[in-house]
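There are two complexes below, and they share subunit A, which is joined by subunit B in the first and by subunit C in the second.
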Partner chain A sequence: MYEFVSGPLVWVAFIVFIGGMIIKTVGLISLSKKKDKVVYNHLNLDWSMRSIFRWLVPFGSRGMRENPVLTIAGFVFHICLLAVPLFLLGHNILWDEAWGISLWSMPDRIADWMTLFLIAAAIVLIIRRIVLPEVKIVTTSTDYILLAIACAPFITGYMAYHQWMDAKTITIIHILCGELMLISIPFTKLSHMILFFLSRAHIGSEFGERRGTVTW
Partner chain B sequence: MAEAAVDTTEDQTVDTKVIKERLDLLKGGRFKMWLEICAHCGLCADSCFFYLAHDKDPKYMPSHKVMKTLGELYDKKGEVDRATLKEMAEVVYGDCTACRRCSMFCPFGIDIATMIAAGRGICCSQDLHPDGLKAAIQNYKDTGNQMAMSSEDFVETCEWMAEETEEELKGLEIPIDKQGARIMYTVNAREPKFYPQDIAEAAMIFHAARENWTMPSNGWDDTNLAMFAGDGKTMTAQVKLVYDAAERLGAENIGITE
Partner chain C sequence: MKKNNIVLYAAIAGLALLWFVCSAYAQDEIKLLKNDSFIDRERPGAVFSHTLHADKAGIDCLACHHIYKNGENVWDDSAETECAECHKVESGGKTMPLMKAFHTNCKGCHEKENKGPLTCGECHPK
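Moving on, here comes the complex of A and B:
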């Protein structure tokens, strides 16, 4: 079982994730070239980059400054979500054993704390959805499911590291959760990890190039 | 088209075929992406003055307004009854001005207001746009301006204003249909109809600036209420009317009233 989830299934997950995102992104761009031609006469690299950059920097936009709780929770969540799996020592050892390549890795103690920070940030995001009427009214069950899919690898990873259950079982569950998250990305709004850049480039150019107005 | 079948708002049916066609036409790369990626974060709420003016009643928050209208139309693949569509019309015309402030506040840059405008287009295709806009659209179609002024009335108003103002500023003119002007000036049809002094005041500025300007006898109304209604056909015709006037007169620029 462990061999299967840590072998072929990893390949499946990465192929679906990367292949799916390429198909999706290329598909949307070519569709827009057919049906949204108007976009392309004011698409502008400078405005696009500024629009993306401002929303990638903490408190870079007015909306972020006015909503510090969401900004902090959101950035903590996303930074940990990307950094922990990429720079975890355990993951890098696996890659090193498999292909002889590895990235810089962080001390386990830091990864441990970042995992807890991610879970804390997720709890803040959930509380926001329940407590704030303007967020509650637009929240759907999908929002909770996707948050759960994104958090599951971290919760199970934490459990595996601290050996809270049978190490082998929890590790298998942890790998499955990670694969589920990767596979979900192209088919759900988690695809914003790539589409964010397209939509921000569009709106930055739409307001910037056409009327000299900023969207941050 | 189903013009004969769907004639008045009393009609209790909707032409779902037309709605489906429009939904399909709209669904390019942008709409597809926007409808999918909204994270329901709620950041657009505070950007909306409808929401703020209604004591932060969440039903006025922008993304909710889209979800309840265009979002639902896509979910139901255009299969809605007239009562539902009428409720949607209340939202897209009554609870949003399409000012686009929310589009500037969305972290993902989703153009929320453009989706509301798309919803208006669908409501308008089923004759559910507000009566005031219907009347204006008819006027555009009949006369090329929202106030149903005839070309003669407009030209006479301008002449009258030129005569009155000339007493103050010697040599002042309001040139109509002059060829090769640098600026072809256009106005809101309410100006010649109700506030002709506005035209006189603009003329005074042009005169003092020694500007080479003119106004067209036809194609002088730069408002576009058809756009607000979601009537793309009339909207385009009105813009074209003004552009054609500028081309006919060989004007370098089109000036638009304040």
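Moving on, here comes the complex of A and C:
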């Protein structure tokens, strides 16, 4: 079971994730060429980059400055979400064994804390959706499901590392959760990990190049 | 009084013998691989039974121990057994770094034989 989950299924997950994101991105761009040609008249690299940059740095946009709690929780969440799986020793050992490549890896102690920070940030994000009426009204069950999908690899990875319950079973569950998350990305709004850049380029250019105002 | 002393001495000698036999027996068998070359350890060492592998599972010594001469494994009982003698923690040449040498050897066979542990927690229990 472990061999299947950590072998062929990893390939399936990565192919669906990367292939799906390429198809989705190319598809959306070609759709915009058909339906929204006008955008390309004022698409501008300078405004695109400025907009992307402003929305990638903490408190770089007005919305972030007005909602410091959301901003901090959001940035902690995203930084841990990317950094922990990429620089985790356990993951790098497996990549090295499977493909002969590996990245720098951080001490497990740090990964362990970042995992807890991510879970804490997710709890703040969930509470925010429940407590703030203006957020609650636009929240659907999908939002909670996606938060759960993103957190599940962290909760189960933490359990596997600390060897709660049966180490082998938990590790298998962890890998399945990780694969579920990767596969979900192209089919859900988790695809904003790529589409974010397109939207920011679009909106930044639309407002900057065309109307001469900033969107941050 | 004298008789009591003899019993006491005999008991002490018996315990000492027991301790000696036990510790000698324990030294025979490697149970935990914890190589000193890893300075900032991340894991608590790996469980490993030399007897289980070499005797009970009947694995050839050469599956784990090697000295290569002209591409041939010429290891024998009197040769070097310590992996860290040749495999260094930081790979500074063409020999595999130490951790990878252990993992490749152990997990490689467990995968091939479909027997023995493959997940971190099974080999590195807390």
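Keep this in mind: the second predicted complex is superposed on the first by the 216 of 216 C-alpha atoms of A that agree within 3 Å, B and C clash if a C-alpha of one lies under 4 Å from a C-alpha of the other, contacts with A are read in each partner's own complex, and residues count from 1 in each chain.
Keep in mind that, in the parts below, a contact is a pair of C-beta atoms (placed from the backbone, for glycine too) under 8 Å apart; a residue touches a chain by one contact, two chains touch by 3 or more.
Given the structure is predicted, the values throughout are model-derived calculations rather than measurements.
Contacts of A:Ile93 after superposition: subunit C is touched, whereas subunit B is not reached.
When the shared chain is aligned, subunit B comes close enough to touch A:His192, but subunit C does not. When the two structures are aligned on the shared chain, A:Ala160 is found in touch with subunit C, with no touch to subunit B.
Taking subunit A as the reference, the larger set of touched residues comes from B, when subunit B and subunit C are compared. Residues 40, 42, 99-100, 103-104, 107, 111, 114, 117-122, 125-126 of subunit C are the ones that touch subunit A when the two sit in their complex. By the touch criterion stated above, subunit A contacts subunit B in their complex at residues 28-36, 39, 51, 55, 61-64, 66-67, 70, 128-129, 132-140, 143, 189, 191-192, 195-196, 198-204, 206-207, 213-215. The residues of subunit B lying in touch with subunit A in their complex are 25, 27-30, 32-34, 36-43, 45-47, 51, 56, 58-59, 61, 63-64, 67, 103-111.
Listed in rising order, the residues of subunit A touching subunit C in the complex are 2-3, 6, 89-90, 93, 96-97, 107-108, 160-163, 167-168, 170-172.
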